[in-house]
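By written order: A, B, C, D, E and F. Residues from 1 in each chain.
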């Protein structure tokens, strides 16, 4: 089976990082393919960018959905996830969603720990959008800047571990999620330095993608997750327009 | 002061309907200007279309935000609203948001009544996104199809009135919101046939836009609603790219 | 149109302060009239006083409701608001309610910042009564006493600004409400010293009153906000007894 | 010990009914005393009347609190309860509150069944004010009128039993509360005709009053339930003014 | 009437402590009887131990339910409570449940203060299981070890008082619950050193047991709290097997 | 890797059914082993039975945890789950939990459809215990009896499909969970007769077990899910006593 890791950011090094982080946990028979956004921003970190990136994710899926068995939207906040879940027949999983739901099986309350300064309100929105507020012990982010998306994981390793331990001690977190695509792979590296289970979102997402493929759920034919009726559109990229218009 | 009614749908007749519905309640000195999406779908009615339409709303605002004092995103579910609120300095109001918050001043619990069949789950998502679940008595929609977006208001007038009265009788709704851009103007027409106050979203939104303009809130300079730091992008329409890149 | 600012406290200097704070944002054509409680306490700051003050607010409205187009109950916690909304035909708006709902259009989570020491539990009750807990980032009050209601705004200006900035930095507040009638007008004075939008409750309430007047909602004729059936009473002030008895 | 049943309605026959209903469950050594509102309305059934009746309850308590060990506010919605809890040193219990909290020990979810037509929204407010929404399976009321407050219990007995059984069958209620002072005593009469435990609010309240007297909690000296600092007032009845002014 | 204090722990000195703490508040005519778990752990302090201890509580009740009028499950988290409420005809009350519900009549928000280090997440689960999150101001525990269950109350008295005062000052707690069976009796001892009412769970539970006995609720005959239909079992202690099999 | 399907019921035919239902979705390399409760009741269907069965599940795990890589507690309501998660080092997954969390990736709101009449209140408790109320569209059960646990799946197939379709049509369910161990395998059989995705709890649980094994989370060493400190016990089965006493 083929699982698409769809990076709605334009930074291909982050895509590579995600793939490398996911590979070690892939089941036998799982092929990971990936895609990097051809347009948009290098790294989505605001609601506006998520709005734009989510639309681009739909465009990307329209091009590739026939070639894979499931897709992962691999950016914090899962831009475009619910739209994708309507529009396409394959399972589509959000990396944040998968991390949170997986964390729910490792304890009662998870904390989200990340490198991005000052995004607390948006992160809370994302937890709320999953209606998992009562499972979230808190959100903590390192309050300082970093050199680049590519190096943030190394630069902040110690700070993130310290923050995770604080979440455990002060917020009674049972589980920690290390959130943000640029941190992919870090969880396994620091696993033994944090006193509770740590979830790596891309790994959780890959396993959930495999789970959904195996469960083989049917596509809804009624309700809001059925494929919407064919609709005309204009000015949209062909593959997306075709999907919306039922020409694909 | 100038208020932009931004229709993220491509149907200009709906834009006209919205403007006509809003005009009678405009304060002295308020000029309503409008814009219709240059690309996208005729009428947003799914999460996928809202994802796409929200990104288009940002593009439209990038072109016009300097010419107006506030903007209204005039489609159900307020596509692009929170991103717009980050990216631009003017107040941006969502039509659904405005309707719900206004309804909160007319009673304890509102019901949403609409013409769109089978969108219950998505509508509930929209209420939840505003975290107003405890103020919502229910969502009811006419369960049958209609000829066209332009005529749906007339075709369904009686059915909508009946549905509103049911919401009052069975769900204990204190207020009714007639939701969906194609219903703009209907509330005042059927005002006396429904036993509780009825909110017309576009009218509520216009008044809220005027209110925010008068209150003259500063643009946040910290937190998640500050204008995001300048960022490179590629493949985005120039005005939006310029706004994101702080070249506007 | 005439909007009544009803101060359920007996301190007329606070009434004057409220009127002065509201005037600059009044729309063309809005006349502000005011009333100060003829009996009660100088400044409502407990649940008991709100209970008493709310009943007095109803008495005051019974005398004046025919002369105005809308009324604002101008004390924290909106004493008597829901009763007034049942009993009278004009729109009645609470100052706290208006502040919170308006704040919801400026960000996802507001913080309430006030001068009153140790009222946290009651303030939380007021947020809960509006069912806006999920939109509230926190409540902070200056933990020290002050000389008088008339001077508290000046005395505490710096402390309140500092507290607001703390709410932004530590609680991720997107918006700040400066709560308490004696702080009327302060928000615009300190607007540029606080990093996020600041809401002045009386100004928000005036704009909401104007909005409701323009929207011209009908009075409910069924449900719990219809005018209650005529009822005998004894020992109540004549205007209130007449209103309850449908002799007004 | 002496427990005051305080009826904030002016109908003394309802007070008598409450006392008669409570007596059989009084512990040895409990004296029930009662008081009927000297002014107000015959039967509180709206938010406005509860606002007024709650203030009258405070006046009544100011006269009698020194003579009793605890007081019960005996009208639906517990008018004036929280204010009373601040202002007086004795335990004050609300009849609705006591019914709901007691019901929580007899099952997971209670239903409220009552005779008052069309008060659903207000009843829901009362449940919400106790923040017990997640323990409430529903609210049902007989949808028709009745001859008088004095006879409603007899007139509606069968209808109330049927409604209770519906709540059990359709709403999965584990417990039923027969709400409204005029129904005092009915629960024990119909006990065997309803398939789950039935709570009589006045009886629950009496037992809770006795419990609190025995537990002898101290009066808070800090926080929002401490006795408020002495305050001047004007136009309030002497006993209440004296209590507020710390002259009592 | 006879009330059983059932200690699902095997430590009989704790049982004695609970009985001694409860006796002073017993009503005339109340006999307290007690039972200590014949097997299990000395002191339940984890979810696993509560699972086991709850099953043992059911075994103990199966032996004794016919001899008493009500039973109290006297360990934090109320192990076995809901099962007991189904299986037996007498009222069964949880000590934690009773403490929390009683606290709700003394203020709006309670804090739980205890000696057990690092049990925050489980304690939060217990509050959630009662769906009283919105009434809970916080949970605080002394973060250090102690010599023995028998002496913890003396050793930690000062630390617990200090913690309670912190909960009042920093969390706006209106009421404090001193939680954990080994603290039985402490509340009345430190009553005057804590600024708000303090609830002793075993005392609250005894009064609630008396209340339920007096109210004489019928056993549900339908719904999930009816006695389950007779069922075969194997390997269970005879009294429990007999109760499950309707041979008792 | 070896996954244990632990049936806390004593009916081995249900265990076999669970294994047969799970096998088709097992990943390559997954060995399913199973265990049936040696004591207890044939089929857990009440809170009391879940209390007892959960303790038995811990005993069973104490015997087998060293031989497997993960365990599934395979009865509705996940008896003993959280205790197991504390006490053992391997991942332990609840069948209900897994079904609900998996359903969350297939839509916004799931409905639980089951054969057990009149268990609504308990099922709601189970949803609440997972704090997924806001993701649950409703719970529906066939309101009639059946011949035996072994045949219920066949007997009720049509009724369950009809109920599922009702949940979709009337409750806006996006996903349906067919709950109850005796229904294992039914979901795939009726997959095409229900208009939205259907989740088979045992299949979801197996995939989640595999996911957790692959993610290899560390055992918490602090917090409430660390292994509790060694404790004496008496009267417990040896393997469980040894695990609690750190002799295993």
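One rule holds for everything that comes next: a contact is a pair of C-beta atoms (placed from the backbone, for glycine too) under 8 Å apart; a residue touches a chain by one contact, two chains touch by 3 or more.
Remember, predicted model here, so these are calculated numbers, not experimental data.
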{"item": "Shared interface partners, meaning chains that touch chain B and chain C", "value": "A, D"}
{"item": "Contact distance in steps, from chain C to chain F", "value": "2"}
{"item": "Comparison of A-B and A-C by number of C-beta pairs in contact, larger one", "value": "A-B"}
{"item": "Chain located farthest away, centre of chain C as origin (C-alpha)", "value": "F"}
{"item": "Distance from the mean Cα position of chain D to that of chain A, given in whole angstrom", "value": "51"}
{"item": "Where chain C and chain D are represented by their mean Cα positions, the distance between them in whole Å", "value": "28"}
{"item": "Residues of chain B engaged with two or more neighbouring chains", "value": "82, 85, 107-108, 120-121, 125, 128, 131, 134, 172, 174, 222-225"}
{"item": "Touching pairs - complete list by chain label", "value": "A-B, A-C, A-E, A-F, B-C, B-D, B-F, C-D, C-E, D-E, D-F, E-F"}
{"item": "In the complex with chain C, residue positions of chain A that touch it", "value": "120-121, 124-125, 128, 133"}
{"item": "For the chain F and chain B complex, residues of the former touching the latter", "value": "107-109, 134, 137, 172, 174"}
{"item": "Chain F to chain A touching residues, read off their complex", "value": "25, 27-29, 82, 85, 91, 93, 97-98, 101-102, 104-108, 130-132, 134-135, 168-169, 172-175, 188, 191-192, 194-200, 203-204, 207-208, 210-212, 214-226"}
{"item": "List of chain B residues in touch with chain A within their complex", "value": "10, 38-42, 45-52, 54-56, 58, 80, 82-87, 118-122, 125, 128-129, 131, 222-225, 228, 231-236, 240, 244"}
